[in-house]
Amino acid sequence: MSVLTLTIEGRDVAGQTGHTILQVARENGIAIPTLCHLQGLSDVGACRLCVVEVEGQRKLFPACVTTIDEGMKVTVNSERLAAHRRRIVELLFTERNHICSVCVADRNCELQDLAVEVGLTHFDLPLLSPQAVVDATHERFGIDHNRCVLCTRCVRVCDEIEGAHTWDVMGRGTEARLITDMGIPWGDSNTCTSCGKCVQVCPTGALFEKGRSVAEARRRRPYLPYLVAHEGRTR
Amino acid sequence: MSKPRLATIWLDGCSGCHMSLLDMDERLFDITERVDIVYGALVDVKEFPEDVDVTLVEGAISSEDDLRKIYEVRRNTRVLVSLGDCAVTSNVPGMRNQIGPAAILERAYLENVTINPQLPGPMVPRLLAMSRPVHAVVKVDVFVPGCPPSADLIHSVLDDLISGRVPVTAGVTCFG
Amino acid sequence: MTVAAAAPPASPPRDDKRWRQVDVRIRRLGARPDALIEVLHTVQEVFGYLDDDALSYVSEALGVPPSRVLGVATFYSHFVRKPQGEHTCVVCMGTACYINGAGAILSRIHDTLGIDAGGTTPDGQISLLRARCLGACSMAPAVVIDDEVHGRLSPDGVQQMLEAL
Amino acid sequence: MTEAGTPTPARRRRQESLIPAGPVRASAHVCMAAGCLSMQADTVFDSLCERVTARGLTDVAVKRVGCLGLCAAGPLVAVPEMGRMYDHVAAGDDAALDGVVDGLAGGEGGRQTATDPFFSHQVKVVLEHCGQIDPERVEDYVAVGGYESLTKAVTTMTPAEVLGEVSRSGIRGRGGAGYPTGLKWTTVAKTDSPQGKYVVCNGDEGDPGAFMDRSVLESSPQQVLEGMAIAGYAVGANHGYVYVRAEYPLAVKRLTTAIRQAEHAGLLGPRIADTSFGFDVEIRIGAGAFVCGEETALIASIEGGRGTPRPRPPYPAASGLWGKPTLINNVETLASIPAIIGRGAEWYSAIGSGKSLGTKVFALAGSVVNTGLIEVPLGLTLREIVFDIGGGLPGGGKFKAVQTGGPSGGCMPESLLDMSVDYESLAQAGSIMGSGGMIVMDDGTCMVDVAKFFMDFCREESCGKCVPCRVGTTQMYHLLDRITRGLASRDELGELESLAGMVRDTSLCGLGQGSPNPVVSTLRYFRDEYMAHIDDHVCPAGVCKMEPREAALAAGEVAP
Amino acid sequence: MLNLAQIVQSHALSFFYLSSPDLLLGFDSDPALRNLVGVARQTPDLARDGVALRRFGQRIIERLGGKRIHPAWVVPGGVSRPLDASERDSILAEIPDARERAHRTLEWFKKNVASWTEEAAHFGDFPSLYMGLVHEGGNAAYSDGLLRVVDSSGWVMADGVDPRAYDEYLGETVEPWSYLKSTYFKPLGYPAGIYRVGPLARLNVAERLGTSAADAELAEYRDRLGRYPSSSFHYHYARLIEIVHCIDVIDEILSRPDILDPHVRARAQINRNEGVGVSEAPRGVLIHHYKVDDDGLVEWVNLVIATGHNNLAMNRSVLQTARHYIKGDQVKEGMLNRVEAVIRCYDPCLSCSTHAVGQMPLEVDIRDAEGSLLRQVSR
């Protein structure tokens, strides 16, 4: 595995071939906002929060899936990127119904943290306020589609780590939403092993543990050792 | 130089933001010494005055009454501050936007009533089709998200405004 | 937690011989998971639409997780999950048709049949569908009634044709 | 090679062409593409056969052929030996039918294709055989030189030489992006892959208002297959897929027949032209998703999944279908290959101008007299295409704009009519070549409404995977909708423009990146129309219905 | 304890921030000065006591629930985490100061009560029923206990009522001119079944409060005003006594040996589909009635908020005060202020109970005997 040298934010850094800009940046303490990325799961480059500028390229590149090249000059923080990230977080907040004040994940949600990180204080765009349901048929867990940002972490962890592939996305565009098996209530699923990995990886209050309220913040992913062990393994 | 004229108003909100304003405890008197409170829950003024320097607006715009008031506030205020998630994002009052006001009124005033169920009549302000954040209707100068924003944050915002600084809430505080 | 429902039978009651056509198609494609879309095409050709039984059956036959099957079946607008009417009326909403008045045609059909795009008349006679582009742009605005393309239609012309069905 | 159709007047089993045994003095080519077919071209074909037989013209053939191009004037019958074209030969119109037969018998009538501007300006490479051969008889294609290029390639040229020929021809992707085809082929060829490689023909053609691929597949499917086989030989792939839209049933039928006949004739399958090179083709039918026109989404669809694009790199040329190197070209690109190999790169690069070489097929539609299919050398001006070839606007309508590139394209106003149609100029004008849809709009069209139409299209066709496109298109649509209802403020217009920039910069695939183009280009050339809607609450073209102000004010939908 | 802290802070807000300007500066004083700032300038100590008492209540809520407004500590099945020793001790340390301020304010009020006799007589002084929560022994209850209803002479109309049966005793009706529904006591029907809740009602309904200092004050309260005082003006006096009481109860609770017990959370599945909870909110009886489906999703809710109970009483009080203070067609500002002051006695929270109208539009129609409109005054 040969080592490549490049500059990120003007700093000379080195990384192994095949590693992504995100990996190398984080190894060198350079922060890049992410949402759909989760170490241990395959990357899909869907939320676009981690797009960065590469010198000599008009296009922006998602740091989570773009592998490094020798002599690459990467800019992570620029006015343009900051504005794009703020807009992406705003779009997510306006797509469905993210009412932090009454959400089970209040003060324990990555989308909420991102709003602070990108400096979002309000939404210029109107809230789309779609109708979305809550499925609490599972004995221990529930899903609130109002809070889902379609990052598909749950789909990936269920497929790649648990192997049950209970979750998938149905429909297209902004009508897309998560389903269990043939679109049946979660409690009736016969592929779900009730392992709860999806609940642990969900960045927002969409997947939650029943009986555990906002006051009892749930433990987050760092405690899932087997996820880190499967670094980047895709199936 | 006369003291800045401060007003507070609360539209479709739960008064939690005003309570948080009072939660600055003794510092409240430091603020009241440096400003004239010309309108609000703590003073007995009925008409919104003219040339107000700063108005803290709590609550979403949900009824025609809110709409009338916010236009009046905007006309007479230099710096309009959207205080709290309801004003900034329509928050909980906005949750009815998914199903519209009719369903809410029917549930409360027709279904859940023992005798003479009826929808409250012409004297009360009509609910708008959508409950909206303040900046969806008028220009807002400062956003203070939070449900409620902490007393410290409200104090620092007021302190900045009184001293002529532009308060920065981006990256400091968040919704919820 | 309700007692886990008995797993759906390996293959749903298939007294209908049309299933054999589906089985043949599955076998010819080697029952590989990536033949999913081709098999769904066959099921829709044979049965007219994709109901949950059919989707579950295909999921079992190809070894594709049910959630993925439903995900694919609902991604593509060609697949329909409700039985279609006797007759189908597809209004093309491509650019050429749109600027030549396809919108007026669609609203006239809505007024005549009382249904919206994607719906079927209560008597199950006519299904109204909206297409992105049928490639009949030279005859815009175009409407396809039961696989027959009709070009340069006026709202009145469409109404007469529908009433004749 | 099977024997030509038998001349006996017995009722033909499946409407085969009427071909006399002896020498043929003249032949009537009846267009059987979807357009004319929908105007009962098959009845026209039967009537002509009966009349020719009744008149005892034993040296006249009546052939079923593909698209003759001028769909506006369908049903069409061409007599190539006399350079004539009969239009509006309606099924029940005896006078017109007799007119054709009189012509065949030696009389006058019909248009002279040599002088008619619709035909004279065209240079047919891709459409060369369209309307000449019977798409459902491989013999016809072989008779006009079909598969000679494939045979020449596999027997006399090395893959590298084929690559060189294609690269030197300067041909660029006809799907829309205009990526140099030679470069793409070389990348695939360079990547070695023991488990094999694939050639994929992208026939998804989701652009509304574009029907070039449909006509090519319906009129000369063999040409595409030959192009795929040559590509397979050049890049070292033995297996190909043709991905065709479900909305083109006739194209699928004729392609299936073409594959079977080609395999039967040894032109496809294990040993092509008795060499060790084998190439077989499978058809994959799309199921209605515009996004599947994008390479990685197409791959995901062929793999039986949801058509959601994947980030690139890795590009399909390096790792595509099932992870193997995959060459993906548009129908039109592949249909040009046989001519390039047959007549050489120099002949092809002599056509066109600058960096846009060769010919391009355009689908003329909208408010233009001669709606139909044309193939012209790149570099012609918009005016020549719309007015000279297209015959201008019907009923003397006033030209307002022409839209190219579909939902990722843009609108060109009158001031750009003299702009040359090539990749670079279109990009500069804020549009893209796209697949070739060219829709002419008269002054009865509201450009804001058109922008909203395309945004509505992108919103519904977005695969929903990446945030900027999924939510961005929906929010841009709402802003455009408010503008068309006269409710929007200038601030909202600012929001629209800033959102457009962000969606273009950050979306994962072409659909999202291109979705703002219609808005940006109509804002660039028709900003006054937007301002009329916003400031004066008026739709200059009278298309949009303005909401009453007082109601909107009372509902808090607009600021005072 | 959280509820008691809430009562202390809410009563402090009502008395010091909202009502003290009338009581201290006078109902007829200049409206521009008749506010908290005016009080702070004139009697800084009283204002400081108010702020301190409110802070005392809010700090308890903040320690337990993480934040002063919308705290997140109470969960289905108990509370999310136990109290730790340092929190208990820091609260205990603040009790003496709070107790002293409470008593000082009560003494100040008692000293001046004579100057408001006229107001006391016309601020909603009419017979009505009273409702509140009571323990078996007759002690006032704030977070459990059963409902008791007495009339103005003390006759017990209903006692030991299980909260689940609230809808047998309470009916709701709608007036076209208000989003606030009116509740009435069903056995007496509408509008006869007018009743009051809150501090005045609680002290009438209960035999005693249950803490020595407060019960002493209660005895003096009853000496001055009679066993069942019927004027809404006395809400103020009752509030101050309740502040004293709540502080003492908090002290008791914190001194219990098991206060730091970690077992504070019960976990259960959905074993019932319906539940009613009643407590004494600062402004009076608060009823929450929920129905959930088998998965635990709330399907149906009915909340009867304290201010809703008092709606009929408030309307009656406005009528009485207006009749008394508005003579002829001359209306002085102080008179209109009294009409509003009577509503302040109830300490209504219109936002919580209506969620629609935030401001009190006050319009007074002045008609002559025949009812023809003389003048219309709005404030």
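As written, the chains take the letters A, B, C, D and E, and residue 1 is the first residue of each chain.
Everything below uses one rule, namely that a contact is a pair of C-beta atoms (placed from the backbone, for glycine too) under 8 Å apart; a residue touches a chain by one contact, two chains touch by 3 or more.
As the structure is a prediction and not an experimental result, all values here were calculated from the model.
Participant: What is the touch distance from subunit D to subunit E, in steps?
Facilitator: 2
Participant: Tell me, which chains sit next to both subunit B and subunit D?
Facilitator: Both-contact set = A.
Participant: So which chain ends up closest to the centre of the protein, judged by Cα positions averaged per chain?
Facilitator: Centroid comparison flags A as closest.
Participant: Looking at every pair of chains, which two share the most C-beta contact pairs?
Facilitator: Looking at every pair of chains, the most contacts join C-D.
Participant: Can you give the whole-Å distance between the Cα centres of subunit B and subunit C?
Facilitator: Each chain reduced to its C-alpha mean, subunit B and subunit C end up 51 Å apart.
Participant: Where the centres are mean C-alpha positions, what is the separation of subunit B from subunit E, in Å?
Facilitator: About 24 Å, centre to centre.
Participant: Let me have the rounded angstrom distance from the C-alpha centre of subunit A over to the C-alpha centre of subunit C, please.
Facilitator: 34
Participant: Centroid from C-alpha atoms only, then distance subunit A to subunit D, rounded to Å. What do you get?
Facilitator: Whole-Å distance between the two chain centres: 39.
Participant: Which parts of subunit C, given as residue numbers and ranges, touch two or more other chains?
Facilitator: Correct list: 68, 71, 75, 77.
Participant: Identify all positions of subunit D at which a residue touches two or more other chains, and write them in rising order.
Facilitator: In subunit D, 289, 306, 461, 463 touch at least two other chains.
Participant: Considering subunit E alone, which of its residues make contact with at least two other chains?
Facilitator: Within subunit E, the residues that touch at least two other chains are 70.
Participant: If I apply the definition of touch given earlier, which pairs of chains qualify?
Facilitator: A-B, A-C, A-D, A-E, B-D, B-E, C-D
Participant: Quick check: in the complex, which residue numbers of subunit D touch subunit C?
Facilitator: 34-35, 37-39, 71-72, 74, 205-211, 214, 245-249, 284-290, 301-307, 322, 363-367, 371-373, 403, 406, 437, 439, 441, 445, 450, 453-454, 457, 461, 463
Participant: Using the touch definition from the top, list the residues of subunit E that touch subunit B in their complex.
Facilitator: Interface residues on subunit E, with respect to subunit B: 13, 17, 21, 31-32, 34-37, 40, 47-48, 51, 54-55, 58, 67-70, 171-179, 181, 186, 190, 302, 337, 349, 351-352, 355-359, 362, 378-379.
Participant: Please give the residue numbers of subunit A that touch subunit D in the complex, ascending.
Facilitator: My answer: residues 44-48, 51, 60, 62, 65-67, 80, 83-84, 87-88, 91-92, 94-95, 124-126, 128, 149-150, 169, 171-176.
Participant: Where on subunit B is subunit E touching in the complex?
Facilitator: 10-16, 19-20, 22-23, 25-26, 28-29, 32, 37, 42-46, 59, 62-63, 65-66, 69, 93, 108-109, 112-125, 127, 147-148, 150-151
Participant: Please give the residue numbers of subunit A that touch subunit E in the complex, ascending.
Facilitator: Touching subunit E: residues 101, 106, 134, 136-137, 139, 142, 187, 210-211, 213-216 of subunit A.
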